[in-house]
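Order of writing sets the labels: A, B and C. Residues in every chain begin at 1.
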């Protein structure tokens, strides 16, 4: 019963949609990953300062974003930010329109969600630095900043890399949820195509294949980076 | 004595302060007209929670999300165990396919997998001339169980492999048979490491049940969406905050518990 | 890299492996004693929920009538709520036996399903927009962003023929909210639904800015090459028309009496005359 019909793939309109959708997916995934890393870096660094009130805020931020569905966060940003005041007046028509486009809402929500995960990852990376290494650096007369730049950051970033790979692939997968708020990424166009052609199973199988390939390639690349950066002999317990 | 305020105490105080501030803000907002919004939420809360205006019997809403997560977790545990031990098998013919299935499922987005299952699994299955309808709920369970199973399997594999090889060697030198080593030595230790991972996975699955709205089941997001059609824009914010809070209230304690268990497991390496 | 290639390859293999099947619907339905109908439950007057939470409506009554004709007076119906984006999938995968859910007859759909006799002529899409909107013709909409619903038959036409930018939502409530939020200048959707909306107090500030550019016949959806079933359904529809049932249901559900239905009733009467 192999009655799968892929003849619609010959239509240049659908090809264009698939390509455009894939590009938007990649763009959204990389942009949100980049912002997540920045949030994660600053968050984790702030945590090392052990300022009680700042830590309290950061921890709260992490818990709220980690423990609520990204889909609901996106819907929340998309439908409520404009009603609580984030609006601008369109100079061309004089109509008050929402400030943030669907893409911006998805980007913000994904970045905050990823950022929360990154803070956790970087924090545990910094935590797992062997005490002896930092003490050795201190006894060699490194300043706080030098210690961070030359000793802690290089080691911690390598310890964090697997977690970052996880977060990035996760980010890639989560972008599919942006289709719900009409961001024209791969899933959105998939919906358009199967609603036109009624070839739902075929379209979904193809889209699943595209996602799995992208994510597999990404994690393959990240593993290569991990290997290339690894300190010889360091961090291999057994 | 006055200086004995520790870092942890301070942090807790600030967190309490934030919570109080949020509560105060809600109170102020309620006094300034938001009370009406909360009243609307309160009136609709039974539907959001149970899918039923009177709150009983349970027919959807957040209760359905919980039920869905439990069903999917049970199925995932079953599939994941098979897959996990498949990946640990000595036989390449078993190990390699299991490994690829796991990789495939882990690399596909939950939403896409759910959608694909929705359209790939037929609505009717014909078995010995009897046609059995496959309701959307069952598809949602399968769609969510697949990626969960892959993660479940990965946790099993990771935990078993994290047991120090010295344990194997010691057991072997004491004359244990391979199966006995698994059952009596490795698994009891590995299980302690798996449980926090599984709890985190369950919290993740619970969060992912929000995606089941695409299958058309009357879960909390679908219900929310239908309810919002009847409300004006000002009230929407309150409804979304409530829905977000429902998930948070369910998943946060789980995450806390998992972290506490992780900490207790950390000490017993080797 | 080996893992990656193998993962990609295994996903291809999986992609090749799956499908569904069906058989003679008329015989099936008769052996079950139940006709499973896909209907709308959010689309007055064709299919809606009444105060008791039951699905009623013009097409629901038609479905019940067809069931009685096919199965005799004891025939039961099972009503399955469907939406535009899943009804054809439901039919072709066997979840439902027949679609009676505001299904417009279009050539794209005719490629994947068969249609029964046409029983209603329904207006196509119109545009709901704020009263301040200045556009009044489809041709003026080029390049503008309109909200829409995924799976509406006219989406492709609006994009290709009029150059409209459609932002498609999964459900109507989302689209209405986006319109109120000014995320789009108007909402392109089924005319009858939008007209009902303008009668609501909340929507007093909105109007039908552009009228439909076409009327299309509405018919029941039936699986392809299911000839015996289609003929039986056609016979039932013609009989209902000849008996004036459709005009009766128009009255029941407060629809204006359409010329199309009256003409079809006359034609059916003439056809069925012995």
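Following the convention adopted for this analysis, a residue touches a chain if its C-beta (ideal position, glycine included) is under 8 Å from a C-beta of that chain, and two chains touch if they have at least 3 such contacts.
If you want to know which protein each chain is, UniProt gives these names: A, B = Amino acid ABC transporter permease; C = Transporter substrate-binding domain-containing protein.
What you are looking at is a predicted structure, and each value in this text was computed from that prediction instead of being measured.
Undergrad: Please categorise the chain-chain contact pattern as a line, ring, star, complete graph or other.
TA: complete
Undergrad: Which pairing of chains gives the most C-beta pairs in contact?
TA: A-B
Undergrad: Could you work out how far the Cα centre of chain B sits from that of chain C, in whole Å?
TA: Between these chains, centre-to-centre, one finds 37 Å.
Undergrad: When the C-alpha atoms of chain A and chain B are each averaged to a single point, how far apart are the two points in Å?
TA: Going by mean C-alpha positions, chain A sits 19 Å from chain B.
Undergrad: Let me have the rounded angstrom distance from the C-alpha centre of chain A over to the C-alpha centre of chain C, please.
TA: Distance between chain centres: 39 Å.
Undergrad: Chain C: which residues touch two or more other chains?
TA: Within chain C, the residues that touch at least two other chains are 3, 7, 11, 14, 18-21, 89, 170, 174, 177, 181.
Undergrad: Please list all residues of chain A that touch 2 or more other chains.
TA: Within chain A, residues 79, 83, 180, 200-201, 205, 208, 212, 216, 219 contact more than one other chain.
Undergrad: Multi-chain contacts only, two chains or more: what residues does chain B have there?
TA: Residues 103-104, 107-108, 119-120, 214, 233, 236.
Undergrad: So in the complex, the part of chain A that touches chain B is made up of which residues?
TA: So the residues of chain A in touch with chain B come to 50, 52-53, 55-57, 59-60, 63-64, 66-73, 75-76, 79-80, 83-84, 169, 172-177, 179-180, 187, 190, 194, 200-201, 204-205, 207-208, 211-212, 215-216, 219, 238.
Undergrad: If you look only at chain C, which of its residues touch chain B in the complex?
TA: For this pair, the touching residues of chain C are 3, 6-7, 10-11, 14, 18-22, 28, 83, 86, 89-90, 93-96, 170-174, 176-177, 180-181, 202.
Undergrad: Applying the document's contact rule, which stretches of chain A touch chain C when the two form their complex?
TA: Those residues of chain A that touch chain C are 1-4, 79, 82-83, 95-98, 102, 180, 182, 188, 191-192, 195-198, 200-201, 205-206, 208-209, 212-213, 216-217, 219-220.
Undergrad: Hey, which residues of chain C end up touching chain A in the complex?
TA: Against chain A, the touching part of chain C is residues 1, 3-4, 7-8, 11-12, 14-21, 84-85, 88-89, 92, 108-109, 111-112, 150-151, 155-156, 167-170, 174, 177-178, 181-183.
Undergrad: Please output the residues of chain B touching chain A within their complex, sorted ascending.
TA: Touch list, chain B to chain A: 7, 10-15, 17-18, 103-104, 107-113, 115-116, 118-120, 164-165, 203, 207-208, 210-211, 213-214, 221, 233-234, 236-237, 240-241, 243-244, 247-248, 251-252, 255.
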